[in-house]
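Next come two complexes built around chain A: one with chain B, the other with chain C.
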Partner chain A sequence: MMLQIKDLKVSFGKAEILRGINLGLEIGDSISIVGESGAGKTTLGLSIMGLVKGSHSGEVRFRGKDLLTIPEEDLRGLRGKEIAMVFQNVEDALDPVQRAQDQVAEAIRIHQRIGAKGAEAAAKKILMSVGLKGDKARAYPHQLSGGERQRVIIAMALANDPALLILDEPTASLDALTKADILRLFRSVIVGRISLVITHDIALASALTEQMAVLYAGEIVEMGRTDEMLREPRHPYTRGLIRSYPGMTTTKDLQSIPGRMVHGLRGCPFHERCTQRIEICQREMPPLREIGGRQVACHRGGIVPLLDVRDLCKSFDSCDVLRDINLTLYEGETLALVGESGSGKSTLSKLIMGLYEPDSGDVVLEQQKVLKRDISFYSRVQMIFQNPKESVSHRMNVLDAVLEPLVVQKKGTREERLIRAKEVLDHVELPSDDEFLQRYPHQLSGGEVQRVAIARALALGPKLLIADEPTSALDPSVQAKILKLLMGLQDKMGLAMLFVTHDISLARKVSDRMAVMHKGRIVETGATNEVLSNPEHPYTRKLVQCASGEPEKMDDRKMPDREISKATENIEINLGEGIRCRESNF
Partner chain B sequence: MNDKRASCRSLLLNYIIALAFIIAMNFILPRLMPGDPLHAIYGDEALVAMTPELEKSLIKEFALDRSWIEQLQAYIIGLLQGDLGFSYYYKEQVTSVIMGALPWTMLLIVLALVMATALGIILGIESGYRRGRPQDHLMVAGLMFLSGFPMFFMGILLLLIFGVSLGWAPLSGAVTPYAGLEGIDYFMDVLSHLILPVTALVLVLVGETFLITRNTVVSLLEEPFILTARGKGCSELAVKYAHVGRNSLLPVVTKTGMSIPLLLVQTIFIEIVFSYPGVGLLLTSALDARDYPLIQGILLLITVLVLTINFLVDILYKRLDPRVRYAH
Partner chain C sequence: MHIDPLRDGFSNRFALMALSILLAIILMAILAPVLTRFPPDYYTGQIFSPPSYSHPLGTDSMGQDIWSRLLFGARTTLFVAASVTLISTLLSFLVGASAALIGGLYESFWMRIVDAMSSVPPMIVMILLAAYLRPNLLVMVLLLSFLSWPIGARIIRSQVLSLKERGHVYASRTFGASWWHILKSHIAPELGPLLTAIMIQDARRAVFMEAAMGFLGVSDPMVISWGKMMQQALAFTYLNVWEWWLLPTGFALSLTLVSLSFLGLSLETAMDPRLRKDELGAE
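Moving on to the complex of A and B:
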């Protein structure tokens, strides 16, 4: 390995900024280090440069030499020559009182036996090659634009053709157009070197690097191929980062990661903010393990699949309502189940809840086959229904409605139940004073009743919420409020949601993944933005077209050459037809 | 490049306006005083000793018997010819009296200024670079202590210790009188007379430059471009002087420019303490003798001197900081 980092630890005083980083890179490798500010990304870059001020241990081997122990003199010889860094902060990274070319020439003269004239000529040549033309080379930093300054900084880093190039937030302060230019430049300059891109910009990481390492509180929590990690993050923190990043393809509302980063925690550094933590997370630091071609540091092996539906079939009389349904729902994500009325969505959700018995197939909850629906099942899975006024008994007041699941499941004493009821009412942003608790559903607005229904579902502290058209009976403004509430609860509790709806535009805003149902089958699943921007199944395409208000295009179009899963190939498209029954039984 | 020249020209214009104003004040003030201008210019005592012939020639010289435009004309022509009037105390032209003292003052000021600034910058950089370490604390405390001394007191202290007690340096004057020294001996003689007054000036002056440099260095070390310099592989010396040092000069130059008038006043004290035959000593004896033409001449000279030095500082600042060149 050209660059081998072993168990690198850096601390400033008592604060441990890096807690054991391991990384190995060869020429031609490109890796991005992503994470929130303060995760230790820049410190990692500076430690490789030998410029970090804190105390450190471990090894940073470059061409076999340990950069942490070789004398400063030797390190200076490598710095700027073999290892170069483009520092963040385009505004102030250049000496304000020296000409651009002089600063580049200085970098050359430090490492090469070359006269002042020669160095100046070489500097001009390099500046030219990074796109700084004409008189600009003689300009002072304040006479250059942000993009031009960035070019000077890049020229300085490239001056001695380094083998290892570290880019620290290289485009953070540039506008979109300049950024695109600089990005193009970076793509050409990182070829044939090791490049390490430190950034919080996920789009930049995916554009520049093949590998990606997610750094959290000084530890790498996930590492793997950039494209795979972005498509399918395994660590909850990686998913949180991607969810909070406003990409052009994001359709779901931005979600933040609850809490804030704390350095030096015992156990897994992320456990305080993690919604799937278990007891061991607070005690032990999970090692970075290879899981399915990816390195993940998580005691639970990454984001856990909460619900697995396997080959589920159901028929009523002779009608096949559900055929071979396979679904996986991960912790903390929203899966939208979309399809027209009668496609079997509600049946599926009722089957999962145990309101119907399946003909064949299994429902697996947290890796355990569900055999009976007991208290442990219902305290993990809860449901909210379409029409709140009907789903909340009109004979019960708010308090009774919210208390009911606790009473049925015989949880806690009376006082504890009351406390819990007030707590969940607080979660759904309803008042919990006595006057409100005594109200009956008919005294409440539609939105309030739905909140009560949600509070009731939350009372047992479920991990999975099945929401069957939870907002279709509400007006748009109340609907928006309820959806925001549900997403907020998801952030806070890591609630997984199976969001059943026929409204594909609504599903687009709330779901991470989408499963399209048609005639009792799931015809397409995938990340919501991919399914919608690139629908593969003709039925999905029709749904999208209808939702975008393009009914004139609804006639069957020729399918472009694209592979669709074999199971769905023969399905006839016939909007509004519903489920076909076997004729022989009539 | 045109911009640069234009901004220089406008700067020069500013200084010319200031100079014109000062000269005008010098011309108008004696003429605004009650009584006749000659009286105001030369004072009571001088007039007592004045013969009618002298008075007549003076009136003619100042063109006091003609219109004020002609008077101004005569005054400016006189100035251009280097004529600042006649010192009745020294019985000599004011210009030649001042010219006898000016070189000594210039020697003192320039030496002290260069040494104090250079020393202040170097110590400031080294101290700021070692911020928080014992050497830094020592330097800050020591130089603060020294700059707390009033100038005349420092002069007297040095004079007592090194001149009177130890006898290492001459007590007064700029050269040993009537020694008839030449060449290298003369040079050494001048130098030995300079040591104490220059040291006194430097010791008191160095603190301010030191502090400004040190503070600038401390904040500069946090600047990203210093990290860039280190990242290039610059040696510590290059980081310290080529990058940090160069940038820390800017506030020092500004400060030095502003403290020139104060330095002149300090020099007057030092000249008195060491009986150094410079303009300061000349000014005090002129004040004693109420030799108004001489006093006026010296004041005019000092203002011109201050203006010139400020002008040079402005030019220097533009050379040091490219950002200022376009700021006008």
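Moving on to the complex of A and C:
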């Protein structure tokens, strides 16, 4: 290995900034290191440069030499020659009283026996190659724009044709257009080197590097191919990062990761913010293990599948309502079930809930087949119904309604139940004073009753929430509030949600993945943005077009309903042969 | 929508009137020993005496005080009505609700029985049975209860069938609630008004049947009953004794039946949204 990092640990005083990094890179490898600020990304870069202060242990071997132990002179010989770094602050890295080409020439002369003239010529050539020529090359830094200064810095880093290039937030302060230019430049310069891109910009990482490592509190929690990781993150933190990043392809509203990063935590560094933690996570640090072509550091092997629906069939009076339904829902994600009324969406959710009996097929919850719907099942899976005024008995006041699940499951004492009821009312942003607790549904607005219904569903602390058209009985502004609430709860509690709706534009805003139902079949599933931007099944196309308000654009002659139905019928055959199924590899 | 049919039903004018009449009859039955000086079977020494101060409704062919017999007759009527109502409604509820909730073969079994029993006219069955059994009061109550539960059971079953499809019942099931919890917390409270209506109907039917049995002379001869009093009085219509014997008795019986009918009617009106005059309830 050209660059081999072994168990690198760095700490400043008591704060452990890096907690055992292992990384091996060859010429031609490009990797991005992503994570929140403070995760230790820059420290990692500096360690490789041999610039790290603070106590450290482990090895950083470059061409066999340990950069942490070799003498300072040898290090200087490597730095800027073999290893170069583009620093994150464009303003400070340049000497304001020197011309651009002089600064580049200086970088060359430090490492090469070359005359002043030769160095100047070489510097000009390099500046030319990064897109600065003539007058610009002779300009002082203050005469250059941010993008141009960035080019100068890149030229300095490239001056001695380094084998290892470290880019630390290289585009952080640039506008989108300049960024695009610089990005193009980077793409050409990283060829034939080892490049390490330190960034919190996921778009940059995906555009620039083949591999990606997610750093959290000084540890790599997930590492693998960039495109695969972005499409299906396996570590909950990776997913959180992607969800909080405003990309042009993501359709779901931004979601934050609850809590904040704490260094030096015992056990898994992420466990305090993780919604799927188990007991072992607090005790032991999970090793980075290979799981399905990806390295993930998680005791649970990454994001766990919460609900599996396998080959579920249901018919009412010999009329097939659901046929061979297969679904997987992961911890903390939202799966939207989309389709017109009568496509079997509600039936499916009621089947999962055990309100109907399936004809065949299984429901698997947390890797265990659900044989009977008992109290333990219902404390993990809860449902919110379409019409709140129907689902909350008009004879129960707010308190009675929220207490009901606790009473049914005989949870806690009377006082504990009361405390829990007030707590969940708090979660759904409702008052919990006595006056409010005594109100009856008809004294509340539709939105408030739906909040009561949500609070009631949360009282048992479920992991999975099935929301059957939870907002279709509400007006748009109330709907928006309820959806925000649901997504906030998802952040906070890691709730997985099966969001049943006929409104594809609503599904677009709330879901990570989408399953489209037509005539009792799932005709297409996949990441929401992919399904919407490139719908494969004609029925999905139709739904998307109708939702975009462009039904007139639809060429009905080309794809009459008959054809759509035919396509749906064919799904079965194709699924059986495994030829075409967009069922994501999630 | 929060409607309290019971309150609405009992608060209209007809219902209030009917309620006060019923209350008066109940009071008369309870206070019977205070309201009259003569025990109902006491031989006063004079027969067919017209109303006087000591005998407000005179005496009958046996020389017994008619007013006393009327008061004590009310006791019989009300006792039969109350017992039959309780037993029959309980049977209706148990069979109707369990059939709806359990469903399947169990439901079919009970509903076929209900069909069978409804197809037989209860009056004829009653006459036949009574004629052979000569029932005392208790047997009479049981017979009447046995004959009148199917109608209520059918009504309750259909109501429970619709109630169990309600959102809040589904919601309750998703907490893992047992059928017993659902019956207790979600279905029984909703059935309240309906049960009351069924009880009133049962009571009315029981009063009528008891009187009819007495009138036909197939009930226990020792029991003082309005129906029997009317039958006895009818034998003496050639005398003017019917004015204070037949008339007041018939009037008391009619009043009881009419009050129960009015009560049932106004409850029914309150429960059926289509019959409600004011659209948005009384809240």
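The rule is simple: the second predicted complex is superposed on the first by the 556 of 586 C-alpha atoms of A that agree within 3 Å, B and C clash if a C-alpha of one lies under 4 Å from a C-alpha of the other, contacts with A are read in each partner's own complex, and residues count from 1 in each chain.
By our rule, a residue touches a chain if its C-beta (ideal position, glycine included) is under 8 Å from a C-beta of that chain, and two chains touch if they have at least 3 such contacts.
Computed from a predicted structure; not experimentally measured.
Touch criterion met: A:153 reaches chain B, while chain C stays clear of it. In the overlay built on the shared chain, the residue A:382 is in contact with chain C alone; chain B does not reach it. When the shared chain is aligned, chain B comes close enough to touch A:81, but chain C does not. Of the two partner chains, neither chain B nor chain C is touched by A:27. By the touch criterion defined above, A:480 reaches neither chain B nor chain C.
Judged by the touch definition given at the top, the superposed model places A:373 against chain C, while chain B stays out of reach. Of all the residues in chain A, the ones that touch chain B in their complex are 49, 51, 76-81, 84-85, 87-89, 91-98, 106-107, 110-111, 140, 142-143, 153, 156-157, 159.
Here chain C touches chain A in the complex through residues 1-2, 166-168, 170-178, 181, 185-186, 189-190, 283, going by the rule given at the top. Residues 223-225, 227-235, 238, 242-243, 246-247, 250, 320-323 of chain B are the ones touching chain A in the complex. Across the interface of their complex, chain C is touched by residues 350, 353-355, 373-375, 377-379, 381-383, 385-387, 390-396, 404-405, 408-409, 440-442, 453, 456, 460 of chain A.
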